[in-house]
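One chain, chain A, links the two complexes that follow: it is found with chain B in the first and with chain C in the second.
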Partner chain A sequence: MKRYARLFWLLCRASLMRQMAYRPHFFLMVCGKVIRMVLLLFFFQAVFLRIDRLGRWTFDQVLLLFATFHLVDYLISITFQRNLSYRLPELIQSGNLDSRLGLPVDPLFMASLENIDLMDFISFIPCLGLLVYALHRLGFAFTWLQALLYCLLIVNAVVFLFAVVLIIATISFWTTRSAGLARVFDDLTQVGRYPLDIFEGFWKFFFIYVLPLALISQLPSQALLGSLSPGFLLYAVTCSSLLAGIAVRFWKTGLNNYSSTSS
Partner chain B sequence: MRKALLIFRLALMERSAYRVNFILEVSGGILSILIVIFLWLAVYRSSGRTELGGYSLAEMVTYLLGGGLINSFLLRTAENPEISQAIQTGSLSGLLIQPINPYWVWLLRDLAAKAFLGAIGLAGYAVVCLCLNERLVFVGEPLRLALFGTALAAAVLLQFLTFASLNLLAFWVENTYGFRFTLRVVMEVAGGAIIPLSFFPDLLQRIFAWLPFPYLVYFPMRIYLGKIESSAIIGELIGAGAWMAGLAGLNAVLWTRGLRRYTAMGD
Partner chain C sequence: MPSPSTPSPAPVAVSARSLSKTYWFHEKEPGLSGAFRALVRGRKKFVPAVQGIDFQLHAGERVGFIGPNGAGKTTTLKMLSGILCPTAGTIDVLGHVPHRREKEFLKKIAFVAGQRNRLFWDLPAEEYFHFCRVVYEIPDERYAAAKKRLVEMADIGDILTVPQRKLSAGQRKRCELVAALLHDPRVIFLDEPTNALDVLNARKLREFIRAKARDGLHGIILTSHNMAEIGEVCDRLVIIHGGRIVFNGDLASLYERFLPRKQIRVLFDGPWTRDALAQLGSLLRTDAHEAVLEVEAPAAARAAALICSRFSIRDITITEMPLERIIESIYAQPHR
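Moving on, here comes the complex of A and B:
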């Protein structure tokens, strides 16, 4: 465990050195990401200029949901998302995965964390600021237990997304290209930015039980607002754990199926 | 002209090499728009009104679908790194000895990419339109459609020129992705791709009006929906033309000065 922590730290340093090689680019990217978040906030403000509530959600609650979504989104993009969704299929296609498999570390660890995105780490800080601002607007009206559940469900959301992204990435052991599917999933996860009240009937059911994107930001926000039932809490944790188990098994099958294509 | 057609055809063939992947990417773009449409359906439901900000529900759904189509499939291509990569890797040298100016090759390749993605996008949107048939505004007036087409052509060129100028900065800086990423982020919102600009607070609307971006989505979609007077359309088209002329001039300066600085080493 200690060895992996040290290796993670080394990977962070190597990524920082690589990304800081083009300093103006690094800071422009950070600016772009912060601007995107601010403009999306303006978008929500523009929507709420016309209405008081979106379903049962007030502007302040939507702000919390939005900040939570971006918190999870940054956590995965800093760590495994691009590594698995876009880099791993390239490594499989080119055969360069061989060099990673020969290393004395778990291949899944290297495949998931080889490039740590420190640009997103810097952009993550204003996102935390936005979360604090949303909580301030809500009057910090939550208990310690609600805060604890919120943190637990954030971790749960990261585990859930890791499982789905890993399953999609593993498909490339057979197809060599899964970036298109990964992009579809990226686009789909944007559902998490909005309260699920925007959907009715089938789609609401779909995003809660079939492809439970409600796990990303809806359930953590509800937990903090004190409106999450224990049943849903149990459902969220079971769902992520099960999916993570399936994903790791699938990855091992994919890895056994891997045949190098390099010269 | 034959050379141009050949480049266009080759670029089309290149684009269609990984069809399944492209179709999946296009589906992702359509899904994003559908999510925003769901949001607006909920906004209209929550407000209990049939019209918001001068847009009926059908007009809003049409705006979002049309804006989404323009943004996802016609406006995303020129941010591709082809120009800056050619300058940075030195592959521009090979292009310079060919009997056609590389800048025109890039423009033609960009138009081919837009045509390909636009065609796939239209096919995808046709399915969506069938499902949302009752919630859409269809326009049959030839004049309005012709003006819409003109505004769309202006948008396509304006977008290419904007991103090309950033790509050409590769003659001076090592990495242009940061510039292009930031511009795309601003372009999506300030162009009106996710919401009509009239919904934003006044100050933001005034700032956006000073930029070329409203010509990309907001302007063509307002023409399509008849939200702009005929007399104002001419003025706006002149504005778009002025931006295009300005950016084309900037591109010409960057290209000629950049070429003077350009060096490449082979192995």
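Moving on, here comes the complex of A and C:
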């Protein structure tokens, strides 16, 4: 474990050193992300000027949901998302995965965390600010247990997304490319920043039970607001753990199918 | 039990039995319409890359894999090093099953591919060496000593702080080799280590490999297209063709098996006759003062002695046929 912590730090350090060489790109990227978030906030505000509620959610609650979604989104994009969705298929296609497989390190660790962008944490700050602002508007009306459940469900959401991203990335062991599918999933997850009450019937069922995007931000937010039933909590944890187990097995099968490239 | 005077054979470091690997891909007809057809109705095609290979490497041995493109050399190497999972057969490397990729196994081996190390590409080699130190859990003192020795041996002391992408192919390969050997692996797999290198860099790299193997502790398997390289670096040669081993032995036995004939070139100083020479072997070429004849290898010395005793000669040479010719003739044989 200590070795992996050191390796994680070394990979972060290496990524940071690399990023420093491309500073203008980095600042532009941060600006882009902040502008995108501000525009969305304007959109929400404009919507709430005309209506009081989105389903059963008030503006302040939607703000919490929105901040939670972006918190999870940053956590995964800083860590494994780009590595698995875009870099891994490239490594498989080029045969460069060989040099990673020869190292006495879990290949899943290398595939998921080879490029950690610590500088991305700077764009994480406005997101945390928004979360604190939303909580402030809600009057910090939560108990310690609710806060704990919120954190647990954030971790749970990260595990769930890791499992889905890993399953999609693993497909590239057979198809060589899976970036298209990864993009579709990226777009689909954006649904997670709206309360699922905006959907009716089949789609609501779909986003809760088939592709449970509710796990990303709705259930953590509900936990903090005190409106999550124990049944849903159990469902969320079971669903993520089960999917993570399936994803890791699938990954191992994929690795055994790795065919490299000729030299 | 071996007698006390008989040196016990080196332990087997790598052993493969009936090793096979079959790849598959979707067949695509040429052109845009072919691409569309493949998209809708792709036909799976199976290609046997390696077919039932049996192979052993002893500790301290250097073995060269040679074969034409697509013969299965690199696939075999990747299976032995655990990168690829075999379709059939068993492998034992230092008591481990490679494709399980156990940490202890990976710490005992090194795999260096010709052109494919893109890890820490933007950073200097020094950073990558440090990463290897943590990955392989090399104690500080051992790391410092190994790095000093290997950097000296590879002659890269002056480029350690240069980003790897700024290095020449030769410098980069020597850096990769140093990184791969820092943890003192027992078995080293080198896939075309001198590919795309100029003569000077290739020589430096060969010297490096030879120097590394001198201590007799490290088993080395390398693939190459270059016969001279194999001859210079390796004790044993394995020729792979069509996924099968067609020869496994040292150079002398290769000559014995595939080239039982030698050439005798004679420069005459006096009169000679074709008929007298033709009795000793088959004449390949003659002119006024020179003749080249081919004889069975065991009879070459006797034929040369007879020529010297019967004619007045200025010079006589006995030569083996070029090794490339043997390899070419093996490659030309149908393999399936």
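Simple rule for what comes next: the second predicted complex is superposed on the first by the 261 of 263 C-alpha atoms of A that agree within 3 Å, B and C clash if a C-alpha of one lies under 4 Å from a C-alpha of the other, contacts with A are read in each partner's own complex, and residues count from 1 in each chain.
The working rule: a contact is a pair of C-beta atoms (placed from the backbone, for glycine too) under 8 Å apart; a residue touches a chain by one contact, two chains touch by 3 or more.
Because the structure is predicted, anything quoted here is derived from the model rather than measured.
Visitor: Pick one for A:242: touches chain B only (first), chain C only (second), both, or neither.
Guide: Neither partner.
Visitor: For A:95, decide between first (touching chain B), second (touching chain C), both and neither.
Guide: Only chain C; A:95 stays clear of chain B.
Visitor: Chain B or chain C: which reaches more residues on chain A?
Guide: B
Visitor: Scan A:107 for contacts with chain B and chain C and give back first, second, both or neither.
Guide: A:107 sits against chain C, while chain B stays out of touch.
Visitor: Name the contact category of A:10: first (chain B only), second (chain C only), both, or neither.
Guide: After superposition on chain A, A:10 lies in contact with chain C alone.
Visitor: Which of the two partners, first being chain B and second being chain C, lies in contact with A:198: first, second, both, or neither?
Guide: In the superposition, A:198 contacts chain B only.
Visitor: After the superposition on A, what does A:132 contact: first (chain B), second (chain C), both or neither?
Guide: Neither partner.
Visitor: Between chain B and chain C, whom does A:148 touch in the aligned arrangement: first, second, both, or neither?
Guide: It touches nothing on chain B or chain C.
Visitor: Which stretch or stretches of chain A touch chain C in the complex?
Guide: 3, 6-7, 10, 14, 17-18, 21, 94-96, 98-105, 107, 114, 255-260, 262-263
Visitor: Which of the residues in chain A end up touching chain B in this complex?
Guide: It comes out as residues 22, 24-29, 31-33, 35-36, 39-40, 42-43, 45-47, 49-55, 177, 179-181, 183-184, 186-188, 190-191, 194, 197-199, 203.
Visitor: Spell out the part of chain C that touches chain A in their complex, as residue ranges.
Guide: 23, 69-70, 74-75, 78, 81-85, 99, 101, 103-107, 109-111, 113-120, 122-123, 127, 130-131, 134-137, 191-192, 195, 223
Visitor: Which of the residues in chain B end up touching chain A in this complex?
Guide: The contact residues of chain B facing chain A are 18, 20-25, 27-29, 31-32, 35, 38-39, 41-43, 46-47, 52-53, 173-179, 181-182, 185-186, 188-190, 194-195, 199-201, 204.
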